[in-house]
Amino acid sequence: MFAVTCLAILVVMGIALARAFIGPTIYDRILAVNMFGTKTVLFIAVYGFLTERPEFMDIALIYALINFVGVIVVLKFVERYPPNSAHSDE
Amino acid sequence: MPYRYLLIIGLTLFWLLLSGYWTNPLILTLGAASVALATWMAMRIEKKYAFNEKGIAILSKQHTFWPWLFVEIVKSNISVLKCIWMPKTHPISPLIRQLKMQPQTRIARTLYANSITLTPGTVSIEVRNDEVLIYALLEDAMKDLEDGEMGERVYKLEVNN
Amino acid sequence: MMTLELYNYWVVIFLMMAGFYMLIASNHLIRKIIGLNIFQTSVFMLYISLGKVAGGTAPIAAEGIDTYSNPLPHVLILTAIVVGISTTSLALALVIRIKESYDTVNEDEILEIDRIADEEGSSA
Amino acid sequence: MNFIIDALSWGCLLLGSFLGISGAIGIFSFKEFYSRVQAASVTDTLCVFFIMLGLILQSGFNLVSVKLIIAVGLLWLTGPLATHALVRSAYLTGLKPKLSITRKESAKRGKS
Amino acid sequence: MINEHLPALQVVVPLLAAPICFMIFNNRLSWLFATLVSWLSFAMAILLVMEVRDGTVLHYEFGGWAPPWGIEYKVDILNSYVLLIVTAIAAAVFPYSWKSIQKEIPKSHHRIYLTAMLLCLAGLLGMTITGDAFNLFVLLEISSLSSYTLISLGRDRRALTASFQYLIMGTIGATFILIGIGLLYALTGTLNMADLASRIPALEGSRTLQAAFAFLILGFGLKLAMFPLHLWLPNAYAYAPSAVSAFIGATATKVAIYALLRFLYTIFGSSFSFDYMQVQWLLMPLAIASILFASMVAIFQDGIKRLLAYSSVAQIGYILLGISLVNVTGLTASLLHMFNHALMKGGLFLALGAIAYRVGSTQVKSIAGIGQAMPYTMAAFVVGALSLIGVPLTVGFISKWYLILATLEKGYWPLTVLIIISSLMAVVYTWRIIETAYFQERPAGAAPVTEAPMSLLIPTWIVIFANLYFGINSSLSTDLASRAAIILSGGSLL
Amino acid sequence: MMGLMPVDLIILALCIPLFTAVGIYLAGNSPNVREGITLGGSLLLFLTIVALTPHILDGERPSFELIEILPGLKLSFTVEPLGMIFALVAATLWPINSLYSIGYMRSNNERKQTRFYIFFAIALSSVMAIAFAGNLLTLFVFYEVLTLSTYPLVTHAGTEKARNAGRVYLGILISTSIGLLLPAIIWVWYLAGTTDFTAGGILTGHISGPLLTVLAALFIFGIGKAAVMPTHRWLPAAMVAPTPVSALLHAVAVVKAGVFSVVKVVAYIFGLDLLITAPGIEWLLYIACFTVVAASIIALQQDNLKKRLAYSTISQLSYVVMGALILAPLSLIGASLHIAVHAFGKITLFFAAGSIYTASKKTNISQLNGIGRRMPWTMAAFSIGALSMIALPPAAGFLSKWYLLLGASQQQQYIAMAVIVMSTLLNAAYFVPIIYAAFLKPEDPDQLIEHKRDHKEAPLPMVIALTITAAATLLIFIFPGLALELAQAVGVPV
């Protein structure tokens, strides 16, 4: 069952990654990357149970925090220096 | 109890739970140092934005708000799911509207705007003074917000305090 | 079968090539830095997969587990990551100063600006 | 008893997985950025909740489940913040949403 | 007591001094402190050389962890010799810096300069002294990062792009080295150089070992500016502040070459490197190409710094040529040239810095007629140039002589001819400078020029004097180099 | 002075010109003191060399070692007869040349006279070192010092034209010496393990066959100062120099250093007996023969007096090379003698040319009609010099040519004999018309140069100088004892 969940999360991550590639705006990409990050947290948690190493939860927590900070920083940057082509296909 | 002490206690508990090492003195010392550092940084934010202890009290007093919000989240999840799986029968009708906020304190407004964002289907774009700019995926969701139940409940948290 | 068993190396090689390509092909200095990071990251992954012990689990001490993967590469890579971050931040600082003095971060444009400056310098 | 908890837990995990996949399909099929944000919101809220709940049920009450709860709290706390910051950036830098009704009309209707 | 910790102190002292230097807010005190540290390092290097000269090898285990678990520092004749080169140049460059950076680096950046110089020094010394492959990588990056910083301090904005280019190339090189070390670790399960050396012979046929070898050669090739991986070097040296050019130009590539030698001989062993992998047939054509190509390009340079930079690429070619001959004489020649080239390039860049201090430019045309106005500076430059050409009584002659001897021993007389042709090219490119300085008139309207200040002249002349001293009485350097060569090759070349 | 040991005299001979240079530098502001020091120093050197001569005639071969750069590679000095001849010629002509220079430089208001005298003294010092060089390395080092120290003299005028000529001068001399001579020296060292000059040669048994010829060719063309075609081009280019420099370059120091080196290498490195076994060695002789004839024909076409003298020099130098390459003991004596003989004759001719220029500002032969009546001393001396060039008694040129001819007939080198005869005719063809025009043709008023319409002889120091050298040319013919005795000892083991 954990395996199924893992697989599902991987599928979600894959689709998010696809969206990150497609864009078209930089915000779509950031949205997708953020989603990819939060799903990574989930994945680590479930994977910990799958491999019977629930200690991985610590890593998941830390990853959640890093992901949040990362997204905020990127947004700060994009907000201050908006790319010329942010809103269209580059 | 002053905000600072609440913070210290909260952070200490948080650290202890995450750490799991409750006997190693070196690690405990490091933990204490982390708590001190985090408190110091939080107090600097506090000085600037004045989330005073009243704010903390808001979050803790009314237990009915959180279950209600959870139910709202479940409901809005379902409505967005319908849009995703059945776009033909449940077409989206995106719109943007500026709403007046009932809550008056900063902490309550923050809570309100975050609650809007947390429920799928709506997102708060910008908060200015007592107004909030909202994007909604569905007109119904916007209506619900205009009806003001959420605002009302957050406002109650604020005044009942 | 070899090819699939060594999938980690293929991932590493793919990342390495991707980073390297970005580094070489891009004129944009920031992209070069990103390429450099991908390139370095591939090496980090190489190291970590080198530390894998068959049947071993992540080297986090816990009761009831006696086979761990080798933690040394992890420790080494922590150092290498720190080095990588220092390199990246230095590179970014340089790019900021380049942007300040050239008003562009495009390598071709920078070369062009230098070339024009040279010509003016030699004619003056 | 164990069986019931297991079944509940499996149910939660399945439900969470379904919600995750739904959100993913949403961010893929919705036509523009602001609506995709709503789909992503689904995965950030109930998907996280159910998967973590499934795990909590599996682990029983111990430090791990506390950490799982903390993780949910953390994600629910930071999720909307990130989403808000993202949407705000997008809006302020001039990314216009495609609306079914214009903002003016919407404002009028809202007042009525 | 102190002696026991000398190998560690050699690295730790400049490393710890760097942040302290940054925290001393007075520029002059900060400089004084850094200078003292550089002299202290030099003194320690001398002590180390004296301790190991009789063939003893000093081991130092960090934190009491015995190798292979802990990091081991190890000093023998070879690396004490390199330590001596690096610290000697540092001991001349630091006192020189004070005046030189006044005009080339804004006051607010002086402490950054000093800190980065100390870090660079520490990194180079550490690379030389460490007995641990991964530690070598870390220290390499410490020295590299500080040199990127130092180069970016140059006045011209091109220093920034030069530094960036160097950063990219240098990081690729370092990453290749990291890959190589990682593969070696995967094969042997150790990072300690001695342990690696003992385990590698059993693995001769391994593909992974060959890959590791290739990555390491490529990585060090980039760091030491082996043709055609040298493209970062000319700009980096040309736009860096003069004192930085002098220090890095004299030391950084030498240490990279030392590390390459360590890997070729000590870790992989000469039978793997030269008999099995036949790396000499890679090194030799590249060395020849770099000697010819870089000398040719140097002839057409308008900037003296760039000219010297290209000359450095050619000189690196000599060193690699010596290595590629795979005999004791060739190796001795390479080691000697590492030392001698440090002296000549150090002296030339220091003299050039003194010229830049007074003239404000290092273009060939801008130094017209300064021979009379700056007699001591230009005389130093001339001696350095003669050394670069390889005129007898200078160190340049000694290393070229050994190199020629090595080619003749092998019977590769066309290489002898090559060395001579490239010396002729060195005559051509240095003569342009000398002729301009001495036999052209100062252009009308040019600002009057006076002799450089003592604080620049004295360090310059100390290095230049060393060029003459070790050119006339070469017994110390040749003795150390030839014994280091024999030890390095472990008798395999005899 | 007589109480000094021969070795002390060698050191004195090397140091006196250097100390003179220092003295000139210190006295730079006062021309009289400066010239006094020059004259004093040159006379002192002359006395030193004279004091050394009897020791050599007695069969002593004093030698001393300055420094040993590398094992077996040292700077050392040994005096043998050929070196003695060369030193004697140079030391005799330096005071006379100094005397002449004083007159020339002052009356032509030349610039930077101090620099001129300093480099002149340094050049003389290196000439002494070349003459006494104990091995090829020492010879090479001071050969290059001589090239470099005469560069400022050649480009003395400081004009663009002078600098370009200077580049040709340096370019040919340095590239031949480094590109050919140095490899040859290394080769010799590699073969024999030494480069010491030894009567009878050092290469016997080490090399034979075509390689021997190649090595000989490397030396003949590598010694560019000997001006064997096609390495001769530096010599006409150097004509931009002031006349005393031309006199020094073409009669004493530079060219003689070249042919001296050739003879020395043939006699003391190869040995006649070895070189004669070299296949095709006669082709080198033929190239020298060709140079003799071709240079004479070119000289015939020159109207500029100094240019004609320059080509005459090229031709005469190849006599010496021929003498060495005929490979007969008699011709070797001729070659050694010719070094001295040609020196006196040619310096007389240059002195005369400089006097004509100083007195009348005339530079071309076509302007010289009737000048013998205005400048009888000068033109009489010129005639004696010319006779010596043509090799007619009672001038000394006859002696050396006679020995050359004897040697050539002994070796049955008929081509060489024919060339000697033919070039004698050519020499006559380009010198006799000048003498004829000077004394017998009426003066052409149009050819008189403004301000110099009623010129007489040049200033007294110049006249004295050229009178002395002309007299010496005659005296050597009449009393050839000393020169002959030394020349006969060349290459003969003691």
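Going by the order they are written in, the chains are A, B, C, D, E and F; count residues from 1 in each one.
Basically, a residue touches a chain if its C-beta (ideal position, glycine included) is under 8 Å from a C-beta of that chain, and two chains touch if they have at least 3 such contacts.
Because the structure is a prediction, the values reported are computed rather than measured.
K.L.:
Note down the smallest number of touching-chain steps it takes to go from chain C to chain E.
P.N.:
Steps on the shortest route: 1.
K.L.:
On the document's contact criterion, could you list the chains that touch chain B and likewise touch chain F?
P.N.:
Intersection of chain B and chain F contact lists gives nothing.
K.L.:
Kindly work out which chain lies most centrally, taking the average of its C-alpha atoms as its position.
P.N.:
E
K.L.:
Tell me which of A-C and A-D has more C-beta pairs in contact.
P.N.:
More C-beta contacts join the chains of A-D.
K.L.:
How many angstrom lie between the CA centroids of chain A and chain D, rounded to a whole number?
P.N.:
13
K.L.:
Where the CA atoms of chain E average out and where those of chain F average out, how many Å apart are those spots?
P.N.:
Distance between chain centres, rounded to whole Å: 45 Å.
K.L.:
Cα centroid separation between chain C and chain D, in whole Å?
P.N.:
It comes to 33 Å between the two C-alpha centres.
K.L.:
Distance from the CA centroid of chain B to that of chain D, rounded to the nearest Å?
P.N.:
That pair's centroid distance is 14 Å.
K.L.:
Which parts of chain B, given as residue numbers and ranges, touch two or more other chains?
P.N.:
18
K.L.:
In their complex, what parts of chain A are in touch with chain D?
P.N.:
Going through chain A, the ones touching chain D are 1-2, 4-5, 8-9, 11-12, 15-16, 18-19, 25, 27-28, 30-32, 34-35, 38-39, 41-42, 45-46, 49, 54, 57-58, 60-61, 64-65, 68, 71-72, 75, 78-79, 82, 86-87.
K.L.:
Sort out for me which residues of chain C touch chain E in the complex.
P.N.:
20, 23, 29, 32, 36, 39-40, 43, 46-47, 50, 73, 76, 79-80, 83, 86-87, 90-91, 94-95, 97-98, 101-102, 110, 114
K.L.:
For the complex, which residues does chain D have touching chain B?
P.N.:
Per the stated touch rule, the residues are 19, 22-23, 25-26, 29-30, 34-35, 37-39, 41-42, 45-46, 63, 66-67, 70, 76, 79-81, 83-84, 87-88, 91-92, 97-101, 103, 106-107, 110.
K.L.:
In the complex, go through chain E and note every residue touching chain C.
P.N.:
Residues in contact with chain C: 134, 137-138, 141, 145, 148-149, 152, 157-158, 160-161, 163-164, 167-168, 171-172, 174-175, 178-179, 182-183, 185-186, 191.
K.L.:
Applying the document's contact rule, which stretches of chain F touch chain E when the two form their complex?
P.N.:
67, 69-70, 73, 75, 137, 140-141, 144, 152, 155, 158, 163, 166-167, 170, 174-175, 178-179, 182-183, 186, 190
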